[in-house]
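The next part holds the structures, each set out as structure tokens.
What follows is chain A paired twice: with chain B in the first complex and chain C in the second.
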Partner chain A sequence: MPKLHVRVLRQRPDTQARYDHFDVEVPDDANVIDVIEACWRQDQNLMYRHACHHASCGTCAVRVDGKEVLPCIVPLTACKSTDLVIEPLRNFPVVGDLVVDVSAFFQRQAAAGMVITRDAEETIDGHPFQPSELLQSDGKLERRHYNRFENCVECGICLSACPTLSATDGFFGPAGLAAVHRAWEKSTNATERAALLDLADRDGGVWQCHGAYECSEACPQEFDPAEAIMDLRRALIQRKVAALFGGGR
Partner chain B sequence: MSLHSTNRARPRKPWQWIDIRGRRTGMWAFALNRLTGIGLVVYLYLHFVMLSQLFMGRAAWDGFVELAHSPLVLAFDVVLFAGLIIHGLNGFRVALNGFGIGVRQQKTFFYGLMAVGALLLAISTYLIFTL
Partner chain C sequence: MPAPHVVIVGAGSTGAACAHDLALRGLRVTVVERGEFSNATTGRNHCLLHSGGRYAVTDQESAIECIDENLLLRKIMPDALELNDGLFVALTEEDLGFKARFIAGCEACHIPYRELTPAQALAREPLLNPKLLAAVQVPDGVFEPWRFSMAFLATARSNGAVCRSYTEVVELVRQNGSVTGVKVLDRVTGKTDTIGCDLVVNAAGPWAGEVAGFGGIEVPVQPTAGIMVTVGRRMNNMVVNRLDKPSDGDIVVPQRTTSIIGTTSWTVTDPDAIDIPPEHIQKMLHKGIELIPEIATVTTRGVGAAARPLIKRANEDERDVSRTFECFDHKRDGVEGFVSISGGKTTTARGMAEKLGDLVTRKLGLSVACQTRTTQLLSYRLFYA
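What follows is the complex of A and B.
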């Protein structure tokens, strides 16, 4: 059983942030969430969130040694040392300790009419995928580009990793723009596609992204929001150039 | 539809723009562009101050030109060129990414352009100290 020294950033909205130190022992095959739970057993005032324990709910997202992770799927063996620093996600208001208020994330999706829906079972033309169609021999999704966003577990990690959001509230953020991209890609209605591009073109849209690609690097589901943002930019540039020469809008 | 929501304020920490701890290539490139961008803006104002010597007569200008040939100022010229090259090439990469070019290869693209930049800087340094 490895012995760990853990520093956890403790805070409430009205108190000064501080690091509390915990010495814990966990099994060799433990994940980081087990370490957090071991800390909680020592101090049950420690606030953290968790639910599924297998990376499908996204609620437990925190930063471990500065990097955003889902602690439920990160084994201790992936950590570089037995000293861990566990902190809440960045760029969100802190509710308490490791719990942040992610409601902005969901409200922005809703405000843009882009509430994430899980309808990956159907293709653009309404065809239901069969598992055999989805998987190649290496286990990757065949229609990967289209299906990618269905992998999003809405954990908020990409917003925490985004340097633009460190300085502004105005940016829609990687997950939201990726949702716009997905809807744009999926839609076959020209008016709807134009409206989605208009949305991406607004203040706080794709032009505010500075291309640090941290969202894609940090995503635990290997979804690629940065690529989606750059693809929206490409489509917008194409549309603007076409408009210069009298074509389209 | 709107891109803005009305959530309560959250802390803004612009210094995180250059916080590269635990971050990867794209973030280093982003931080480099921020730092070189700020440096170039500072240099622009410094440049105006230098040019203002022209209003102070021939003697003042000649004195400045002599100073500009000192090894220390030439070393600053090398730093200036480094900033210009890094910012320019990195900006070129980001602009091409915006056209959908090299998005998936952005890391290789960055390292490749920085290698070109290192070569350009070596040539510039040689010319600055020999011409």
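What follows is the complex of A and C.
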């Protein structure tokens, strides 16, 4: 059972932020979320978010030793020492301690319109999915393709890591723009595709990104928001060039 | 006269679905959750949208509840379900011997099924153990548990419900033998306040006994932990189950970019202090590898455990305790204005809430029918709208 010394940034809307110290013991194979829970058992006023403990819900994102992570999938063995500093995400309003307000974030995600489940482009062995005939033959459900959740878990880590967001107000943020990109990629409707490009093109859109690629670096799901932003820029340039030479949209 | 006010304690899938049911019936609803919404039993579960196949032989009451709700949720819940079916796979002669009973169980519980040859199963699931002897396909699915609860809460909120996270019930307020409110501690402000109401619903899951205890009442809930081991790569398209009675490590649920192996079952006294026995993790991996040998080649991504709120009945082993649910009207304990709901499964949350809503409206002297069967739920994201 490793003994850990943990410093957690504590705050409430009306109080000065401070670091509280916790000495905890957790099993050898524990993940950082287990450390946060051990701290909470000592002080149930400690506010933190968590649910699934396997990087699907995206709620538990925090900074550990200054780096954005999902603590549910970071083993202690991956930490540099037995001293840990745990802080909330940056670029979000803090509700209390490690809990940030994700309201504005989810409003932007909803505006981007990315569906959270996608039709899987291919199976794990690289073949196209077949529709499920099971319920169809039973007459209970319509014909449909297999689907799966998007890789993005909407954890907010990329927003916390984004230097543009730290410096400027109104930036749509990497996850939101990546969602616009996914929706644009997926859509076959020309009007909808044009509207999504308009969304990427407006103030706070893809042109505001400084191209630091910190978002893609920090993403726990190996999603690549920075590349999605660059791809939207390319599409916008193409559209502008086409319009210039009379091609229209 | 304003509509009656109901306070729901706990915002896991049960509390969230109850909030939706009661708000839709026109009641004023406040739901309080001591941490993040859906942070415990629902949040940390298997993510299996049951077809009922798992209980088709051993617990047909639960199996029927599961298939009915499964077919219904497909129509009303957006953005929170992967609907890829499930396979029950026979690896041994003993498993094969179970097949006839399994199929009879599916028929008895109106669960659609189809037998696949080993070659057909392998064509759909190339990483399955190639030594499989038979497979049966059923309409299992997968949900994202936090988003599942948030879809109910988003819809409840749009119908006027107040949803408070980080708000812990510390006392039941009583007057002349009736519960008339709850005293809560708001973890953000550090202040306690009293929320008055006409009725309190205890939907605290494995903590239901603790909440009922504030009123000096016993609820026969047996917190029973289970472990989930998640591996670093998605190994299957469909849910893969062992064709046998439910036992440890007999299911691999694919979700998003991962697969989740589950589960075990052991009784715990304190649902806040679940120590995961290390041998359980090894057992999950070992049993998972039997179903999908390539699990041996991938890393473990996350390990979690939470307690299920099973209903205790005399002389039952925890594996045999029914996974169905019960509503308790504490009038039977001499207390008015207080009901508990426990047991059940995330898959059946809507159905549980319907029964609870019927009980609550009856107690409040109202006659409003449940409308949740046909009401489209909002996307989880709109909770924050």
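The criterion applied here is as follows: the second predicted complex is superposed on the first by the 210 of 249 C-alpha atoms of A that agree within 3 Å, B and C clash if a C-alpha of one lies under 4 Å from a C-alpha of the other, contacts with A are read in each partner's own complex, and residues count from 1 in each chain.
One rule holds for everything that comes next: contacts are C-beta pairs under 8 Å (C-beta built on N, C-alpha and C of every residue); 3 or more make two chains touch, one makes a residue touch a chain.
Note that the coordinates shown come from a computational prediction; the quantities given were computed from them, not determined experimentally.
Once chain A of one complex is fitted onto chain A of the other, the partner contacts of A:T77 are absent, as it touches neither chain B nor chain C. When both complexes are overlaid on chain A, the residue A:V153 reaches chain C alone and has no touch with chain B. In the superposition on chain A, A:Q42 makes contact with neither chain B nor chain C. With both structures placed on the common chain, the touch criterion links A:F172 to chain B but leaves chain C unconnected. Contact with chain B, but none with chain C, is seen for A:E214 once the two complexes are overlaid on the shared chain. Once chain A of one complex is fitted onto chain A of the other, the partner contacts of A:Q107 extend to both chain B and chain C. With both structures placed on the common chain, the touch criterion links A:F92 to chain B but leaves chain C unconnected.
In the superposed three-chain model, the partner touching more residues of chain A is C, compared with the other of chain B and chain C. Overlap of the chain B and chain C interfaces on chain A: residues 103-104, 107. Every residue of chain B that touches chain A in the complex is listed here, in rising order: 1-17, 19, 21-27, 29-30, 33, 94, 97-100, 103-104, 106.
For chain A in complex with chain B, the touching residues are 65-67, 90-93, 101, 103-104, 107-108, 111-113, 163, 166-170, 172, 176, 195, 199, 202-205, 210-214, 217, 226-227, 230-231, 233-234, 237. Contact residues of chain C toward chain A in the complex are 35-36, 38-39, 42-44, 47, 71, 74, 79-85, 112-114, 124, 126-127, 137-139, 144-147, 166, 187-190, 228, 230, 234-237, 254-258, 260, 272-273, 275-276, 278, 281, 301-304, 379-385. By the touch criterion stated above, chain A contacts chain C in their complex at residues 12-13, 27, 29, 31, 41, 45, 47-57, 59, 72-73, 95-96, 99, 102-107, 109-110, 115-117, 120, 123-125, 129-130, 132-135, 137-138, 140-141, 144, 146-151, 153, 221.
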